[in-house]
Amino acid sequence: MCGIVGISDHPEASKLAYLGLYALQHRGEEATGIATFDGTEVHIIKDRGLVVDVFDAEAIASLKGNIAVAHTRYSTTGSSNKKNCQPFLVTHRNRPVAVAHNGNLTNTEELYRKLEDEGSIFQTSMDSEIIVHLLAKTPNGDYKQWFVNVLAQLKGAFSVIFMVGDTLVGARDPHGFRPLVLGKLGDGYMLASETCALDLVRAEFVREIAPGEIVIIKGSKLESVFLPGADTAKRAQCVFENIYFARPDSDIFEDNIYLVRKRLGAQLAKEAPVKDADFVMPIPDSGVYAALGYAQETGLPYENGIIRNHYVGRTFIQPAQFMRDFRVRVKLNPIHDVIKGKKVVLIEDSIVRGTTSRSRVREVRRAGAKEIHMRISCPPIVSPCFYGIDFPSEEELVAYGKKIKEVADFIEVDTLEYLSLEGMLSVMKNGANFCHACFTGKYPVHIPSNKSKYLLEGVKKQA
Amino acid sequence: MCGIVGISDHPEASKLAYLGLYALQHRGEEATGIATFDGTEVHIIKDRGLVVDVFDAEAIASLKGNIAVAHTRYSTTGSSNKKNCQPFLVTHRNRPVAVAHNGNLTNTEELYRKLEDEGSIFQTSMDSEIIVHLLAKTPNGDYKQWFVNVLAQLKGAFSVIFMVGDTLVGARDPHGFRPLVLGKLGDGYMLASETCALDLVRAEFVREIAPGEIVIIKGSKLESVFLPGADTAKRAQCVFENIYFARPDSDIFEDNIYLVRKRLGAQLAKEAPVKDADFVMPIPDSGVYAALGYAQETGLPYENGIIRNHYVGRTFIQPAQFMRDFRVRVKLNPIHDVIKGKKVVLIEDSIVRGTTSRSRVREVRRAGAKEIHMRISCPPIVSPCFYGIDFPSEEELVAYGKKIKEVADFIEVDTLEYLSLEGMLSVMKNGANFCHACFTGKYPVHIPSNKSKYLLEGVKKQA
Amino acid sequence: MCGIVGISDHPEASKLAYLGLYALQHRGEEATGIATFDGTEVHIIKDRGLVVDVFDAEAIASLKGNIAVAHTRYSTTGSSNKKNCQPFLVTHRNRPVAVAHNGNLTNTEELYRKLEDEGSIFQTSMDSEIIVHLLAKTPNGDYKQWFVNVLAQLKGAFSVIFMVGDTLVGARDPHGFRPLVLGKLGDGYMLASETCALDLVRAEFVREIAPGEIVIIKGSKLESVFLPGADTAKRAQCVFENIYFARPDSDIFEDNIYLVRKRLGAQLAKEAPVKDADFVMPIPDSGVYAALGYAQETGLPYENGIIRNHYVGRTFIQPAQFMRDFRVRVKLNPIHDVIKGKKVVLIEDSIVRGTTSRSRVREVRRAGAKEIHMRISCPPIVSPCFYGIDFPSEEELVAYGKKIKEVADFIEVDTLEYLSLEGMLSVMKNGANFCHACFTGKYPVHIPSNKSKYLLEGVKKQA
Amino acid sequence: MCGIVGISDHPEASKLAYLGLYALQHRGEEATGIATFDGTEVHIIKDRGLVVDVFDAEAIASLKGNIAVAHTRYSTTGSSNKKNCQPFLVTHRNRPVAVAHNGNLTNTEELYRKLEDEGSIFQTSMDSEIIVHLLAKTPNGDYKQWFVNVLAQLKGAFSVIFMVGDTLVGARDPHGFRPLVLGKLGDGYMLASETCALDLVRAEFVREIAPGEIVIIKGSKLESVFLPGADTAKRAQCVFENIYFARPDSDIFEDNIYLVRKRLGAQLAKEAPVKDADFVMPIPDSGVYAALGYAQETGLPYENGIIRNHYVGRTFIQPAQFMRDFRVRVKLNPIHDVIKGKKVVLIEDSIVRGTTSRSRVREVRRAGAKEIHMRISCPPIVSPCFYGIDFPSEEELVAYGKKIKEVADFIEVDTLEYLSLEGMLSVMKNGANFCHACFTGKYPVHIPSNKSKYLLEGVKKQA
């Protein structure tokens, strides 16, 4: 996962890009970058680290120009190289081209091999570099046609922002996997993954970029064009953005995330109540909103009985090995005086491998809970994602091939219930427009072969 | 404010000290340090920064020995010098002496001048160095007598831990301003400011160090001695530890902080209800526990309608000037879809200068709140603290010399109510044992002159 | 100017490359790099700075493999970017290609434009990247044919070393502008700019690479092929290597540099004696060898009357502005007690702008010299170099368009004499084989236009 | 060894101190520091590293004030701690006291123990800190009396500069072991170890500070006072300053170093000629001046046949282990074409352990020398120095207990001759005023016990 931001026609483009990244930090903590263009020179700063670590006031001041493109990247295994930070920037025929990409292409391997056979030299293993080489190889007189010709060659999930000289371009794949919103900011425009980025800089929310749409923004002028087949492609919005990934104060996919999560919790309360429980308690912070919905639906008291240490993760220093043993307890400390002797409804947004959940359950048990009834605000995750969410392979997913009772035993709770697929989609706005492959294995875009995800990694690594 | 930790007779003393500091990070974010002694050599690492920034695995491994003393320091104006980090360590007559101090002495100036006149050369402006010079000047055959002789010369607030060669010494001033707890850890002992530090390393809580008590721990042997007058001194536990400073999962002053804060909220609900409110909402995170108490007492719904950005403050890089304008919004984002058109009870733990509260109120108003009724879980703060809490001078305290209605107008709320002094003390365990000078101006230990706090700073600065 | 090194088939390839660079440090102080290949992974470290600054023991140990290519770069204006350090390395079709280049191509602009029009994306503005793109575009089944096809497209000066997977390739342009020598080292081979690099690692000197020759070394097997026209091309060895640039303990162009410089000094004594001089004194260190030749030819005493401060320049820290005023005196201090009242023959290897010489002359005068007679061991420099020596433009050359008497007045000496062109060439081995364009303006390889040197810089800069 | 500088009453005190250190860099490469006082605040920067590494333009600009004291330190085993850099600075009774010391006290242990017993707390193991504690303990109304009282307690070698508030104080022990010179610079004064520091900033040389003299400089006013016994104390100027340590362009001990070394070489030629030699060649750079004297006396040609690599040592990066094997060759490369088949007179200033000389001799032999006749411009070194020169213990001195023929065999030369003690002293100005304990074991100041040097180190280390 990643967060992306674009700014056009604003005298403080780099500052706004910085604030936008700040608001989207939850979408990627590993690396970040901003590129700007001042009409003469292109400027770029990117590095591994949080937004606050990579940029200081001097850095922001040095990123001159009215146009900016920016990126923050989620940790993905292996590619911890600084070279792999985005935006990816080249200068071609005296014109800077920078790209920030959120999503995952499914035909990376095919495109990479074809380009290298024709003599292209790659610097990185990123989807965004492939897109840039396609741009360099494609005639580029008319921007609309140029971008349609290039982006039509891509398959899979992409919400992408380009800075080509003084022109900002935003695009979303025809299925609309990842969000991308448009805001107005003085005379110019702002593109961002989520509305919380617009809120922070007080940009006015205009609309979401439509699936298959390309917007070409030069100064304060915006033009729109659609990829072929954009109107007929199956909509496939990522439901996991709503469940876990997006910020609760964002509006995406035409809904508010805080409210949709409270509705998930309320629906969960209807489907899976707990009799005579003493109170409802979330695993903070991701379970908080569903827990509030659950508590309000049932009338049970809501307690914040697990204290989160806000200092966890505030560093790039590799934690000492011995810290791993303390990991769960360092981050979350259940309060004995609140929990002891109680029958607790414990709310979590989702379970992936199950090991973290089990460690947390054990800590709650050690704090003296009499009974722990866990409730999950989505269905069991049983399939990996090829469109940008970093789930592990099937074998590592705790719910894959297991009955719910077996999962309950594994994570050591008294009872465990998941929200149903139908229940989940029923509280979404336009439930039919969502991709739910991680719960059902029904992939809306063809995956080249059963293991292609890993093959692609192999190709890239050698490069 | 500061957090302090001591470890005796444990093969992984530095690791445990590190974890203890980690748990006490909220008591001081500016600087931190650990000193250990391996029987031959003393080791120390200290620097400005968070615990996770200052120490990595290699650093912890280099801090060898069975005994450790550790410190984390709150930001105080001016003294941003690395030299001023604690523990303060010297070697005297081939024996290492390290000190970590929490609190504020009130006779610093007098002691400093006397020592310098006798030829002592000071390296820093810290209370802890003064204590070390007193130790160097005092005959030290019998440890009990030595420490009684030295600590009896100190006035004011001190919870302090010493490492003198292979002996760990902990002490608390006779009034008991600051907490200090004792735990058992295998064969050895652990001293710490709060029990959350014991929890993290699974040390067993033994008891609090008593006001006026000195414990001398050599290996697994613990001896106790009391300062003259310890039994008759007025108890003066800092009530602000309970209201704001200590972690909700700690037990200090014989009470659990989460529960005491919920009781403050419930008492506040009784004293200052709001009719026909739509819901109760805290300023996160400090107002959360009182808000839960208020909501449960009144039956109103509890909403987490303000989203806290967890990435704020995760850096040492000086934030850009322009970020200050965005400070409040960057940290806390009220959700329009939750708040719009609602009559809100907004809970905060305390108000100091009022400017931060006003900024937050304005953001809630901008999110569409119809009415904002603010409720504070302590009385108005009207006097500075000379015992370790970093309040500003009277003139900067918003409630000083103002009626509550005037404060309400200043922070732009529809109504404002504070908890009463009596109400506050009524829900404390042994309410009479608390210092409440910040609410009443009744200082339990004499302050040399009206402005002595600032005079002392002057003396130290020149040094 | 640059120094280059290649190592094949030696288990300590990176160490030997490091030592080779160390010996060639005088050929370039600005930046340095080493690339190695261990059969599976390619390793590279490069950065701005001296060899001792860029590499430490850990760095050298991390550069694994039996094959290495290495580079050290002279400071050239503008391009102080880390990206512009060599070796230039890419991976193409899973095979690493690294290049280290000494010299200057004269058809850079033409090649760059053609490649970009075909869709190549450039990362830098270096000649060496252009060569790599040509390699990527050219069929590469047979290495001999591949390199002949690629290198035949280059015009100008190039001594170049490639590492292509496990194959080391060395080549010299048909005019032989820059030196390149071959050594034997155990089972493998070593390529280097000068023999002093072979001496340091005790490699056996085999021979110089011939003008127009390409050697292809795989393991311990060496094959040789020649560029078309290699046998008929005009030889154009850089005479300035002999006068100033190469190390006195190197043998290049079939001669020893120390001895050739002494011969220059002796010839200068014959052509331009000074009557009744008290002693001969060099500007250290570059004038030392000619001064010894001059003194021995004339029988005058030789004195080291100017002390060189060996600490000058030992840092990357930008010297303070005020240091510039002290620059000459900081570096060289004439000794009053030696010079006072004396008639001095002052020997310098060459004069470029004349301002440095003037500053030094003034210091010698201030030390009390009665008369200063300057003698230069080469003719007046009047034309820029397009083949790799960083002379300024004609207007900045002090001798351009001036009579010798005018130059003497400018640098404030009593008399000034230069060595004659004929005299200079007469003491060289095979004097007819040298390029002397800097003294005569007769360029052996066509320069596209009068100002092409600066146009090319323009093209590169934009890229 | 160390270099020290003091500046009084000059608006650019830190710049001049910096330049002074620059000129004295040869006296100590390990660490350096400058302290200044601007009337209100004291400023100090000190660290390990060369002068050019520790200070940049910004650093110098931050060192405000009209008065400065500065230091550069020779590498001494063990004490590589940053804390041990000088100047040593404290603030006592609101007055800054900074000290820079060159030399070695012989009663360190006694003073240290006494002070600690009285309650002084030491930060370092430096002689200069001991002096500061004595200053703090001594009544200080009248500066002349104060410094006489304190410095009279010191035994051994000290040339020392103090900055006490706005007063600069310089002093030299009554024996005059180490040099200290006084210069005039505008209205103010400059103190420095050698005159080359005055030359660089164009300060006018006034005179040397006399043995036993204390000069107290406040602004442009200078007062002088003498230690008791200054007039009767045995003069003991360090002869090794003349032979090796001081810069050839300095005048100290009333002589010019370049000329004194040429006289040593000429005297050596008289005492130890070599028949039918081809030429005279120095080990650069230390042997250069004696070699010139030797060549001129004998009429033999002088050759610079060993090339010194000027990049050696230009870094703080620990050289790789493998570099040690290449150490000699990396630094000095004898030229085969010059040396082959020749009978060489090889001049060195001195021999300490003999291992370095042997390595160099072997390289000259490998370059083809037919015969090597080594001549040394001082007598055999047979005793350690307790006054500041870092010689090893007797057992490690190659000449200790050996006949000259045995030393010749050890270093593998055909013949070896040393200059005689009488010959050496005969060419010095006032030869009777020099300490020659390293050649004779006659120590002018009592050494507490046979091994006291090492005992003292022991005491300091524990501290």
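Going by the order they are written in, the chains are A, B, C and D; count residues from 1 in each one.
By definition in this document, a residue touches a chain if its C-beta (ideal position, glycine included) is under 8 Å from a C-beta of that chain, and two chains touch if they have at least 3 such contacts.
Quick caveat: nothing in here was measured; it's all calculated off a predicted structure.
Shared contact partners of subunit B and subunit C, listed by label: A, D.
Each chain gets one centre point, the mean of its Cα atoms, and the points for subunit A and subunit C are 53 Å apart. The mean-CA centres of subunit A and subunit D are about 65 angstrom from one another, to the nearest whole unit.
Subunit D has its Cα centroid 37 Å from the Cα centroid of subunit C. Residues of subunit A in contact with at least two other chains: none.
Chains that are in contact with each other form these pairs: A-B, A-C, B-D, C-D. Note for the complex: subunit A touches subunit C at residues 90-94, 116, 118-123, 132-133, 136-137, 462-463.
Of all the residues in subunit D, the ones that touch subunit C in their complex are 12, 15, 18-19, 22-23, 25-26, 50-53, 55-57, 60-61, 196, 199-201, 247-249, 251, 256, 258-259, 285, 288-289, 292, 295-296, 301-305, 307, 309-311, 313-315, 317-323, 326, 329-330, 333-335, 337-338.
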